[in-house]
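The following pair of complexes shares a single chain, chain A, combined with chain B in the former and chain C in the latter.
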Partner chain A sequence: MQQQEPETTTLEGGAAAVDQQAERVSFIRRLTRIREFTILMVIVVLIIVLAVLNSTFLSPNNIVSTILSIVMMAIVSVGMTVALVSGGFDLSVGSVMSMSGVVAGSLVLGGMNVWLAVIIGLAASCLSGLITGLFIGKVRINPFIMTLGMQGVIQGVAYVVTQGAPVSVTGVSAGFLYLGQGNLLGIPVLIWILAVIVVVADYLMRRAVVARKVYYIGSNESAAYLSGIRVARAKIWIYIFTAILAGIAGILTLSRFSVASPTAGLGMELQAIAACIIGGASLSGGEGTVFGALLGSVLVGVVDDALVLLNVSVYWQSLVLGCVLIAAVTMDVLTHREKNS
Partner chain B sequence: MERAPLLEARKIRKRFPGTLALDGVDLSVLPGEIHAVMGENGAGKSTLLNILTGSLSHDEGQILVKGQEVNFRTPVEARANGLAIVHQELSLFPAVSVMENVLVGRSIARMGLMDRKQMAPLVRSYLSKFDATFGPETIVKNLSVSQQQIVEIVKALVMEADVYIFDEPTSALSVEDAEKLFVVLRQLRQQGKGIIYVSHKFDEIFDLSDRVSVLRDGRLIGTSSVSEVAPEDVIKMMVGRSLDRIYPEKTDHTGKKLMEVTDLNAGVRCHNVSFDLYEGEILGVFGLVGAGRTEIMRALAGIDPKTGGQVVLNGKHLRIRSIQDAISHGIFYLTEDRKQQGLYLKLSIRDDIASVHLEALTKRGFFQTKSASTIATEVMQELRVKASSVNQLINSLSGGNQQKVMIGKWLLRKPRILILDEPTRGIDVGAKAEIHQLLRRLANEGIGVVFISSELPEIVGLSDRVLVIYDGGVAGTLTGGDINDETIMEYASGLHIQELVR
Partner chain C sequence: MNSAFKKIGLVSLAAVSLTLTLAGCSTSNSSNNSTSGNGASGGSAAVAFKGSANETYYMVTFLSGIEYWKGVYAGMQAAAKDLGVKTVYTGASQYDINQEVTTMQQIIAKKPAGILVTSINAKAMTPVINQAIAAGIPVISFDSDAPDSNRYAYLGTSNFEAGQKAADYLGQALNGKGQVAVVTTPGELNLDQRTQGFTSEMKAKYPNVQVVATENGNSDQIKTAQVVSALLQRYPNLSGIFADEADEGTGSATAVKEDNKTGSVKIVSFDTDKSTLDAIQGGTITATIAQGTWNMGFWGLMDAFTIHHDMLHPVANWQTAHVDPVPPSVDTGVTVITKSNVNAYLQQ
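Let's turn to the complex of A and B:
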């Protein structure tokens, strides 16, 4: 249900040379076939419209706060991209995000060194991903069922650890709080962290051999297996990776608000999947880029922000996000169909 | 005694894109007759049955039921006219009871609810003919394959049709259940029903049937009374053809033994398989559909788990427990299912080829796109793949070129044993010949080439030796003058095994 070129012409997913003779199309036409380019255009148009309607939209403050509002979604989406590219997905990311925050927060509250607590919080996320990956890869349980189950299990852990109440941490080291609250060169550290994660992950997804295996598995799992790729092992790593990124988002949330809530990641799985799909990933696997997922997150953030600035009640957010997702996928299916006919 | 046929097909012609599947085929079934239909894989048997029962339409010709011309557009219409068919593939609903399966589409209902009280005894009466150990209420998925096949047969019997068509009914039946089926068939014959019986098994056909028709390449070669022909005559009718294509010259395989497989066991279709492979030879593997060719080779290549057996390569015992083990020893298996399992249709030629060279293309964990292009270009030139560049999508290549990519991507990994499953299926004549030349060249370079094919002429034309598979085991290994259509078919039909038993 995705565009065929160029994401599929090369695994890099970028604007690689589409075969000239077989595809005699103009440069512009080809550019518009790149999913990222389309979203970028949509975002730019939206921004222009909003800037005209409301002068505060392009103020530095609003830009920063808009980006800040999507940091967690974007980080989780990076992990989700990998799962989607492999042909699976992960519904447990929201729970893992909550769980890693409350585990670390509770340990800090119990007197543990904050960095050690962070490592344990991330390790717990890792373990969750390992279990998910083992069941999906080795036992071959459907990712939908498995991660739905894990969503419940991990959410349960978060509730049990906190007895349902948010954990407020005080007196932790300034270094830890700097991650979520500090500024570097006038820009919030959180945004720097997001930038680093996106740039590194995007580069790895395009170039690393490990990531390439993920694309192979998502493109044709049987062929990947017959090519000698260790599919089960790769899947274990994929779900560990997804869980670690969700865990990082949970830790950063703790740092940002000095509070770990067992519901911090509530609904995050759907937001992240929406961002990835808007950004060009396919539920059938083999397609999707980290950069696309970032753009998808930005689009969602801009739409949310627009609703606020245009004084639309927050209760409309969910409705509008749903419409944007459906619109993105519909557009995709239609262009795909046109191309095939 | 002149009896009017219950079902008659006259000059049936059916064209599929690219092939003439049926070319003027006649077939008739008389009341109280079991009429066997035989032919190689792809001879047109299934097409004919599908046309008779309304699953396919015919381009030319007539079908008459009791002298009346009919034109079925759906299987339902055929059923309404007294034709019942038992298909080769099981088509049951696994989560539902036997009786609901048997009476599917015609459940006996009262006020919208199924009337189990009426359904059960009816179904039970048919099951008792097979001394079935399960009842009408049993859920189908709890049954063995043989029992499910019985349900499939009962589903046809319960229709009380005039003509019953059986497409290889015994391929899934146990020996005991098959015997019971034969009793039922004889009863039906006594009741004056007509039966079309498709099978590969000579003993069944010669025991059971009155007449036998042989199809070959979509033509009816002949219909004769079973009492007037011998199995050997039927085989001749099935395969007799002129070698109309030129194959690369064979070599006399004087090379040393490359691989020795002993008592390989795996799953249900690979029992105690032993064979040798010599350097420089092409070993053809032939077997009728369902004999277990693919299963045996998949087990050898570490794809499906083995339950026993030894593999010796160049004098060394190999432990092949995974596909990676086999690959590391240079044993590559190329699947018959090119599109679903062999290639990444949505990817470019370069990325597809790169998938089996990931280790060589990795530098400090990063993928070397340029080297991948180089390798892909090499494969394309070496095998003369017709494509404009390495960026062209696999999807847009012809079947022959796809096959070349599939073989080519493995060749650069220096195979010692190359196992190709139906390497020429669905590709045009020119590409076929090229692939034949290629296989011969690889064999001459010292690679052990094993190829599975359903096409007898290809097996005969290309193989230095032929391994014939029957019922999950090796029926025989043929060399030299024995590599001919008749002999191979005799072995593939289990004729020799039966003689040994007797």
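Let's turn to the complex of A and C:
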């Protein structure tokens, strides 16, 4: 559903070819030139193999539940993409996710209107991103150590707020629960939310001038600075954006489960970074797309789902998942090396 | 025979508990005047069960931030209130052997009236427990024992037994037939023991209930929801899930609900945090297994208190005769909580 968007935007603008044959050839060439093409093919092949091995794999129910299972990871990955493109990354997203959920949940339990509580939860995420961004942008602290520190701080806030116990909200307005539990046109609302976030963020990252600056900073920070880009300010906004998306994932988790656990986002930062890298982002900055991050999340989700459907023993699952991810990224890297040479 | 013994133990515990609580309540209700509150339970006991305000008992745990220990400490605080003594809860915040041993040594240096301790590792904790006892501090072990140490008593239930109890409940609820799955976190000892208790009991007592899969929920709702929804696709006739950790319980409930199978897939969860209890009341989780944590704390303190005050004389000189003055091993029991009794826990 989201797949058309980036393809059309990348493919448009070609000169009108008179010869149909030539047009088809150049279409395929342009298709393979898309950064995400290899990983898309890996996913397609994997899905075909799995569908042959297990007939339930392509059942509508299984497709919906597989997409549903990656919604939170994908939303966090969208924010992570921007941080990675700028040459940094954010290890605090998992704790921001749990913090926003428990802050909102605790306020609701205290009798506050649920939407106000959600806004405060998101504002707290924003604040966390602002602090991270200020230290990375203005004080110029290394993103690794800064966001690792913030991971501890924000996780600490979540523990202090909850005293370690999950926050269980009951009797909240149906409107709020609809976000995480409702259906729209037969598809869970969570999936619609993910679709909107991905389409909008992908469009912005490809088209908006601000986003081009992020790529510029990630490719060559000093050149970007010398050319007049306000690097520090851009970085503040980047980490606010990352934190807000993590905060949204936390709020949606609360809505889906009616429970906010202080450990809800544990390990999410590595999953999100992995999804982005699988989708073509680079740890050295300047590369990566939102659509790629979505594909990375989908690949992880498909493999996770297959491990259960194919009865892979629980002790083997982690090993198999690791191998598949390495294989996918290797294939991606090799195909691009060939193209560049 | 074993279970008969346990039953007798529990009944007598309950009886003693009732009298003591009565005595405790009456003393605390009657404005600090300890002599006026002894009507219900006979004079001397109520006077004797009175500590001094500077008498401090410590509770020591590992992973001290987790919810589970709060139940134990609540029981300990309840007993302390009745006895008029102080309690302090401390421990190792990490799952770290060194840290817990160090904490114990620091507490021994303070010469407290008694220590309740749960051991991260039986072997590693034995020397430091013996060191405390040699210093004249009564040590009571709870939940996770150090059986080779000189601790006076151990109060707890085994995780294995808790898993068996879950299997018994689910086996009966399914009329002895159907497909069930376990959601757990492999590699965590206590959860592994619950899983083993569950699967072995199912196999032994309910041969027609098939444990079709054991999946990793990673103690996380999102991950659990993902594996359970995949399980429901793989086994459309799945009729039961045992989630042996609380977040895995709520995660399973959400996945089952999202597949519109609430009620037709019975979920047995673990522990009694509020989200689990709410889900039982709301019908998305069928039952949960509660361990007798409150009783571990309450009776643990009672043991330490009576030893500290030298109130127990099963034989004249138990110290030299090597006689344990308190029951050395107490089973604090496992309770299955369902919709019918969940309110009692929610009101706590």
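Here are a few things to note about the model shown:
By our rule, the second predicted complex is superposed on the first by the 277 of 341 C-alpha atoms of A that agree within 3 Å, B and C clash if a C-alpha of one lies under 4 Å from a C-alpha of the other, contacts with A are read in each partner's own complex, and residues count from 1 in each chain.
Convention: a contact is a pair of C-beta atoms (placed from the backbone, for glycine too) under 8 Å apart; a residue touches a chain by one contact, two chains touch by 3 or more.
Quantities reported herein were computed from a predicted structural model and do not represent experimental measurements.
In the superposed model, A:S168 makes contact with chain C only, not with chain B.
Of the two partner chains, chain B is the only one touched by A:G286; chain C is not. By the document's definition of touching, of the two partners only chain B reaches A:A224; chain C does not.
Applying the stated touch rule to the two superposed structures, the chain B and chain C interfaces on chain A have no residue in common. Interface of chain B with chain A (complex): residues 303, 323-324, 327, 333, 335, 337, 340-348, 350-351, 354-356, 358, 361-362, 365-367, 369, 388-389, 391-393, 396. Residue ranges on chain C touching chain A, taken from their complex, read 65-67, 70, 186, 213-216, 218-222, 225-227, 229-234, 246-247, 250-251, 254-255, 257-259, 273-275, 277-279, 282.
By the touch criterion stated above, chain A contacts chain C in their complex at residues 54, 56, 59, 61-62, 65-66, 68-69, 72-73, 159, 164-168, 170, 181, 188, 253, 256-259, 261, 263-264, 266-267, 301, 304-305, 307-309, 311, 314-315, 317-318. By the touch rule above, chain A contacts chain B in their complex via residues 4, 8-12, 16-22, 207-210, 212-213, 215-216, 219-220, 222-230, 286.
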